[in-house]
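Both complexes shown next keep subunit A, but they swap its partner, so subunit B is in the first and subunit C is in the second.
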Partner chain A sequence: MPEQQVGRGPLPILGEKDTQVREENGQKYVDTLYHHIPSFSFWDQDSSVVTEHTFDGKIYIADFFFTSCPTICPVMTIQMHRLYEDLRDVNDVVLLSHSIDPQRDSVAHLKKYAAKTGSIDAQRWHFVTGDKDHIYEMAKAYFENAAASPDAPGGFIHSGYFYLVDKQKRIRGLYLGTDEKQVDRLMKDIRILRNE
Partner chain B sequence: MSTVRYLYLSLFVLFLTACTKPYEEQKVLFDEVMLVHDEVMPKMQDIHELKQQLNEKMQQLQQDSSRMDTAMILQVFTKKQALEEADHVMMSWMREFADQMAPPGKDKYDGYLKKKGISHDAYMKFLETEKSKVEEVKVKMLSSIQDAQNLLQK
Partner chain C sequence: MNKKASGKSISIHFIWPVAALVLLLALRGLLGGSQAEVGGEIYQNYCASCHGEEGKGFGELVPPLAGADFLAQNQDKLPCIILYGIEGPIEVNGITYNQPMAGLGFDELGLARLSHSQIQQLINFIQNSWGNKGAEVSRQQVNDWLKECSKPSF
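Right, the complex of A and B next:
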């Protein structure tokens, strides 16, 4: 098993591919266009505005949760916290947790939640809130770009996935945030991605 | 000798059952509540999507100024409101439940109930109430989804 991991090739780029024919000096070139995360704007636990540009030049791991979720979210937060600890000395990988319950999860509420989770540096782990429709649209964008089928059981809202996003805002892997083994694999994939 | 040993053994077993039984009973009921929750939680996404579709429908209806279909506009409006209400009751139920439920994991769980002075019977009653509450939420969600789908298919 460890040998297989060593031999793992580059990570796939998930989502629909599109091609575009470009003409330059009478020559035709075919460009492959990969799906990437659309632009967004939220607030984090420090009231800072968080947009796609917050992650320029960074790899990030995104998930969707809410603080009063009784089942899977506490487990996801524990796993995210493992990542947070694992990435302590890494400065180009950050975490982004979106709340899907902005009505309750205000900036202040997220700040409390982050403090309860551990001593969290908002620069390395953003807990964000914002307009509910916007959050749902983003959840859908991540999920549909990453998953083979948008009709996958559970759908995007209650999926519990962690999404690995590269510096070009493309999704490079999805992992069940409730499964420790998949999160272990994510840790390895982050290393592969950083060495690209 | 062996009788004494059996006596000890059966006493020990009895002691174990007495200790674990309340937790097991509560766990069964808790899982039943969560089963309903897990069934409808993904449908929050359907609610969101239907709301978007109703918004689009509303825009189309309002653009068509040649003949203002007020009856239809009202229908779209009420269906959207029902979806919002269903979304709201589900989120509220989860917030209240998550605030009151004992944390998962047996050690934390027992400590929590003891600290709060909640008896087994009281906690079972709480779970029973929550089960019927979440069942009601489920009905609200499913019917608002069904109604919106029916209207959009017209």
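Right, the complex of A and C next:
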């Protein structure tokens, strides 16, 4: 992925667009419908229910991981933690890490993982688990390819992407969470998005 | 005429010490310096993203390598851990870590990523960085220790 410059134009709105014709006072208007993250419901490490409304009025960064992952996940967690520290004084940007291994990653397990990561405030960084099919269905909404795979290290395949989601639940960027430079770019894009 | 000749002889006098120094530096690079350089390069490529540039580890997820008692106590296990990874709890400086680490020896297709000699150089780099002062590991030791392990299931 080519390096993108600071101060470039507005962030793209990713995903397929659709149009809808609306009639108002006899006038026809064409609305653009952007791809957005649909409703969801999970539990976080504090046993709190986390839904799309948890992120109302907030920008968030989502990723997909599992705690027993032996390869890229520790790097993703380390880079997410960099974001967590960078956003310490920002109250409208939060993090959402989905476990794709809900069988092993219970709420208690995620709580332990968050504690090992540092003293994580669940309001600012939700580690969530829930119904397996629901998680995988949500992954698709982020264009994430997550699946159980006996041949993969740790038993699951997934990408290392971080997804930047705006206050209208639209995906505005994806960044390889294993690449420090791309996470640097994400930090800059968060600032661009906050100034929109 | 005379002046020119004497100028020439002065420059020749200067060349020998400079040449000797260049030769010395080149030899040092070939013999001593390169091992640590290769080891450091491998560390940057495969280890630093989790264990950190300074070998400090991360939280209680990734154990430190700098000042880690585990290294000295388990020197003979290091080649196997690097090549095949490790799973299950280990104690480092009194803290229990239980995060699986994938082996670095093979890529997704099962092709060799690190040679035995590179594993040796990586171990010697780690054992002599960030204040660590571990005993030098030889190629023969690495070969012998690697006979003790096999690829785990994950």
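Throughout what follows, the second predicted complex is superposed on the first by the 175 of 196 C-alpha atoms of A that agree within 3 Å, B and C clash if a C-alpha of one lies under 4 Å from a C-alpha of the other, contacts with A are read in each partner's own complex, and residues count from 1 in each chain.
The rule we apply is simple: a residue touches a chain if its C-beta (ideal position, glycine included) is under 8 Å from a C-beta of that chain, and two chains touch if they have at least 3 such contacts.
Small disclaimer: the values here were computed from a predicted structure and weren't measured.
Asks: Looking at the overlay on subunit A, is there a clash between subunit B and subunit C, or do the two fit?
Replies: Here subunit B and subunit C cannot both sit on subunit A without a clash.
Asks: Considering only touches as defined above, state whether A:T71 meets subunit B (first), subunit C (second), both or neither.
Replies: Both partners, subunit B and subunit C.
Asks: Pick one for A:D133: touches subunit B only (first), subunit C only (second), both, or neither.
Replies: first
Asks: Does the superposition put A:T178 against subunit B (first), subunit C (second), both, or neither?
Replies: In the superposition, A:T178 contacts subunit C only.
Asks: With the two complexes superposed on chain A, say which partner A:G57 touches: subunit B (first), subunit C (second), both, or neither.
Replies: Neither partner.
Asks: Which of the two partners, first being subunit B and second being subunit C, lies in contact with A:G9: first, second, both, or neither?
Replies: Touch partners of A:G9: none, neither subunit B nor subunit C.
Asks: May I ask you to decide whether A:G26 touches subunit B, subunit C, both, or neither, giving the answer as first, second, both or neither?
Replies: neither
Asks: Could you look at A:D101 and tell me whether it touches subunit B, subunit C, both or neither (first, second, both, neither)?
Replies: first
Asks: Does subunit B (first) or subunit C (second) touch A:H158, or do both, or does neither?
Replies: It touches subunit B, and subunit C stays clear.
Asks: Using the touch definition from the top, say if A:G118 reaches subunit B (first), subunit C (second), both or neither.
Replies: Second partner only, subunit C.
Asks: Quick check on the output: what are the common subunit A residues between the subunit B footprint and the subunit C footprint?
Replies: In subunit A, positions 68-71, 74, 154-155 sit in both the subunit B and subunit C interfaces.
Asks: How about subunit A: which of its residues touch subunit C in the complex?
Replies: Going by the criterion above, the answer is residues 68-71, 74-75, 77-78, 81, 113, 115-118, 153-155, 178, 180.
Asks: Taking the complex as given, what residues does subunit B use to touch subunit A?
Replies: 34, 37-38, 41-42, 44-46, 48, 52, 91, 94-95, 97-99, 101, 103-104
Asks: Please name which positions on subunit C make contact with subunit A in the complex.
Replies: Residues of subunit C touching subunit A: 49-50, 58-62, 85, 87, 99-102, 154.
Asks: Could you pull out which subunit A residues touch subunit B in their complex?
Replies: It comes out as residues 66-71, 74, 100-101, 103-104, 133, 136, 139-140, 154-158.
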